[in-house]
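These notes open a run of structures that come right after.
One chain, chain A, links the two complexes that follow: it is found with chain B in the first and with chain C in the second.
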Partner chain A sequence: MNSFLTLFRISLEQYFIYRLSFVLWRFRMVLNFLLIFFLWSAIYENKVSLFGYSRQEMFTYILIMNLLGALLFSSRTGDLAGEIRDGKVINYIMKPFSVLRQLLTKEAADKLINGSFQIVETVSIILIFKPPMFIQSDPFVYVAVLVSLCINILISFLVLYLLSLIAFWTAEVWAPRFIYFIFISLLSGSMYPLDILPKSLYTILLFTPFPYFNYLPTRIYLKGFSVSLIFPFFMSLVWVVILYFLSRKIWNKGMKEFSFFGR
Partner chain B sequence: MTLLVLLSKNALKTSFENHVGAILFLVGKFLRFIFYFLFVYYLLSNTKTLAGYTLNQTLLFFIVFNIVDTTTQLIFREVYRFRTLVVNGELDGILIKPYHPFIRILVGGPDPLDMVMLVLYCGLFAYFLPLAVSVDIGHIFLFLILLINTFMLAASFHIVVLALGILTTEVDHAMMIYRDVTRVGTLPIDIYKEPLRSIFTFILPVGIMMTFPVKALLGMLDYRLIFACVIITSGMLLVSLRLWHYALKKYQSWGG
Partner chain C sequence: MISVNKLTKIYRTPFKTGNVVKDLFARSYKEHVALKDVSFEIGENELVGFIGPNGAGKTTTMKVLAGILYPTSGDIQVLGATPFDKRPEFLKQISFIMGQKNQTFWELPATDAFEFNKAVYEIGDEEYKRTVGDLVDLLDATDIIKMPVKTLSLGQRMRVELIAALIHTPKVLFLDEPTIGLDIVAQSAIVKFIKEYQEKYKSTIMLTSHYMQDVERLAKRIIVIDQGHILYDGKLDELVAQYSNVKKIYVTLLSPLPHDFHLHDGVNFRYEFPRVEIDSPRSHLSEVLSHITKRLEFSDISVEDEPIEEIIKRVFTARKG
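The block that comes next holds the complex of A and B.
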């Protein structure tokens, strides 16, 4: 446990070495959010309700999405691809802990620091622009949101981890990541609630991992946990299991292919 | 001109060295555009207007944003590779050549992938233009003038990044911030509330770059604002060139 705490601390300290890069990254995240915030402000101009969401619910939705964006868009798994290509992945293998647990520890540090900044930024946006907010009063809903959030973090981590493992077979690791981020920026509900889409399209999306990143926890917070959410909840768990076994299988396969000289 | 053609051919060959990566990035860019386009289309089909603009007018803003964004990437792609030239000392070799360094470091590496997307955007522009507005030759002329103004502004931003690259070796983040700042102009700048709207129009002149040309096309731009655009762009260009000359005086080779 101590070793993981040390790894966690080192990962946090690394952020303070590259302070300017980190501050600029946060600035970019705020700019990106302002576009979505004002787009919805303009759309709800003189409207009380649209697409089944009141003005208050929609602003709460996009603000929570912004908050959860730290969990979705920030990740250290991208480093792994580079480390596989240049052989530094050996450093993980030689340690007496599982690679997945080491990466998860680094990821937790990443989410903690980005999440903290995201909270400060989101609160600042609320204080400056004073959007109408919805506060959930049912304590059970908060528990369901928390569980869904943990599933969200696991799915997002495992998908990105899998994308990094491509590096065992090809140097072309950034293009698939680029495409992945395009998919999640538009299909994970980070710009709009997915249930405003036509019903058939929404149903198809429920079979993919995208709704389980940020949409599901936010939907639960806003509309409460209902029978209609049991299927999406079940599907999110199925995706965690599929991705976990797939990542183990691909890692083992990659290790058999891996060879490196000179370290 | 011959030199520019030669450098462009070189960039074309470099881009297609890795076919799979090039194709995947192209697919990614295509998907991003289509997803976003459909999202705006779907939203506006339900709400009918956005900040007073109709569906077709809003799409015109979105398409022109993509034309500007892609063209600037196409022309100024070499700026993204500038840091390497500074840190490994190769910039020395460029500065002693008997042509202006901007030919190599500013416009010397156009990206052919962007050309493919540009054809798509121009096709959509031609389709949506008559749907959004009754075409007027005077407005088209103003649009073209303001589009040239936009590229001049973009050039000055890129020159500032080059100067910063020499002074601080920081290029990547500066470029990413430029891209994110311009992205606030994806849709008409009128969606932002004051004072943010004025900041995005005149201080970080995204409004001048992205929204004003389309407003001119729609006949919604006050002539006084056109003069303001020219003055701001001239000022930006002057400042960026001054900064470049200052950076050159401070430049020290890193190895070579």
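The block that comes next holds the complex of A and C.
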């Protein structure tokens, strides 16, 4: 426990060293969000409801998506790829504290910082632009959202971790990561609710990990936890299990095969 | 403490054929034998220096022993454990220090790294205080441990790095090029520290270094390795006795060398006024010296062992041929 707390504190301290780059990063995130916000404002101009979502629900959707996105996609796993390439990862391997746990601790610190900023930014946007907001009144829904969010954070972390492990075999780690984020922006529902897609496409998507980032918890918040969400919920659990075993297997394979030759 | 039996390590490295599709989907691999049937034993409180050119297999050997690399074949036991399993009890008793890759946090003072290691290695407050105090004293590092690591010089950084890596007072210590890139002063501070540390904590140390001086000053026993084979394993002085049968005589002349000056058959010398450098066989040393004192006028004369680098070079060429 002590190891976690110490590394967590150190990770937080590291953040405050590079304040400017962090502030600029957050600034970019706000601009990014405003773009989507104004896009939907234009689409809903003079309309009450579209694709089964009321104006109020749609604005709530994109605000919550964005809020959860900060928790889901902020990540330190990218560092790992570089550290595998230059051999610095040896320093982590040699500690009696598994690399996955060290990384999860850093990840938690990262999400705490990015998440807190995201809350402040979201509240400011609500206060400035006063979009119509839907407030969920069922306390059970909040619990379901939280559970789903935790599962999805694990999925997101494990996928990014796996993408970093590519570094054991090739130096080209950024291209797959970049392509992955393009898929995320298209298929995870960051820009629009996934259920406005044709039914068949939506069903196929449910078998992929993409709906199990910010889409599912946002959807639960808006529409409550209905029977139709049991399958997606189950699938998200299946993905955690698959990704966990896959990442263990690939890590072990990488450790065995990798030479650290000349590193 | 450490026992290595017929250790072989073969690296498979992807090999570019030039055919993009083939390189991407059906990679060809080239095999490189980094270590071949290497065997040795190291006892408690020994300090062994590994010597060999780049790519000889020094670092590979240490990485296999520390559990970083998976051996292709062979039997390796370190502290009664199989290193690659990396069990926590094993990891808590060893440390692997790399001159070029630091574990301290770049932006923060080294003390943060110390505290992290304190937690990871589960060290009590008392013990932590005592060990850090000792190490800081030995390395004269009181001020530098409070400064962000990025503001430290290379030599200072190596000092705090050593403290971070030794907080758990490991029984076995692997030092991979600990003095790389350091100036003479910093280098000898590190060497002095390693010596004192080993005496104080009775640890077993394996060391690689490009600087023969480091190895000469620290290791009584050396292992000379080249192309994955052990060429020599034994005491340093025995290596000198075995491979060096010449003494170097340096003479500084007062007047130029007479044209008819010559020495025994087979005794080579190099001359550039005012300096003469003579390689004298040990067996003929007194004759050569008396000949010099009779024939030459000089302001200075000295007799030395061959530089260790020369001897090692001879080990490489002798064993290869």
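In this text, the second predicted complex is superposed on the first by the 260 of 263 C-alpha atoms of A that agree within 3 Å, B and C clash if a C-alpha of one lies under 4 Å from a C-alpha of the other, contacts with A are read in each partner's own complex, and residues count from 1 in each chain.
Quick note on the criterion: a contact is a pair of C-beta atoms (placed from the backbone, for glycine too) under 8 Å apart; a residue touches a chain by one contact, two chains touch by 3 or more.
Just so it is clear, the structure is predicted and the values come from calculations on it, not from any experiment.
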item	value
Combined model on chain A where chain B meets chain C, clash or fit	fit
Contacts of A:27 with chain B and chain C, given as first, second, both or neither	first
Touched partner set for A:116, first chain B, second chain C, both or neither	neither
First, second, both or neither for A:208, with chain B first and chain C second	neither
Chain B versus chain C as contact partner of A:50, first or second or both or neither	first
Which of chain B and chain C A:97 touches, first, second, both or neither	second
Which partner, chain B or chain C, touches more chain A residues	B
Touching partner for A:228 - first (chain B), second (chain C), both, neither	neither
First, second, both or neither for A:182, with chain B first and chain C second	first
First, second, both or neither for A:124, with chain B first and chain C second	neither
From chain A, separation angle of chain B and chain C (C-alpha centres, steps of 10 degrees)	90
Chain B and chain C, minimum CA distance [Å, superposed model]	8
Interface residues of chain A shared between complexes with chain B and chain C	none
Footprint of chain A on chain B - complex, ascending	18, 20-21, 24-25, 27-28, 31-32, 35-36, 39, 42-43, 46-47, 50-51, 170, 173, 176-177, 180-181, 183-184, 186-187, 190-193, 196
Of all residues in chain A, those that touch chain B in their complex	20-21, 24-25, 27-28, 31-32, 34-35, 38-39, 41-43, 45, 47, 50-51, 129, 170-172, 174-176, 178-179, 182-183, 186-187, 191-192, 197
Chain A residues touching chain C - in the complex, by the definition given at the top	2-3, 5-7, 10, 13-14, 17-18, 86-88, 90-91, 93-97, 255-257, 259-262
Chain A-facing residues of chain C, complex	11-13, 34, 55, 63, 66-70, 86, 88, 91-92, 94-96, 98, 101-103, 105, 107-108, 112, 115-122
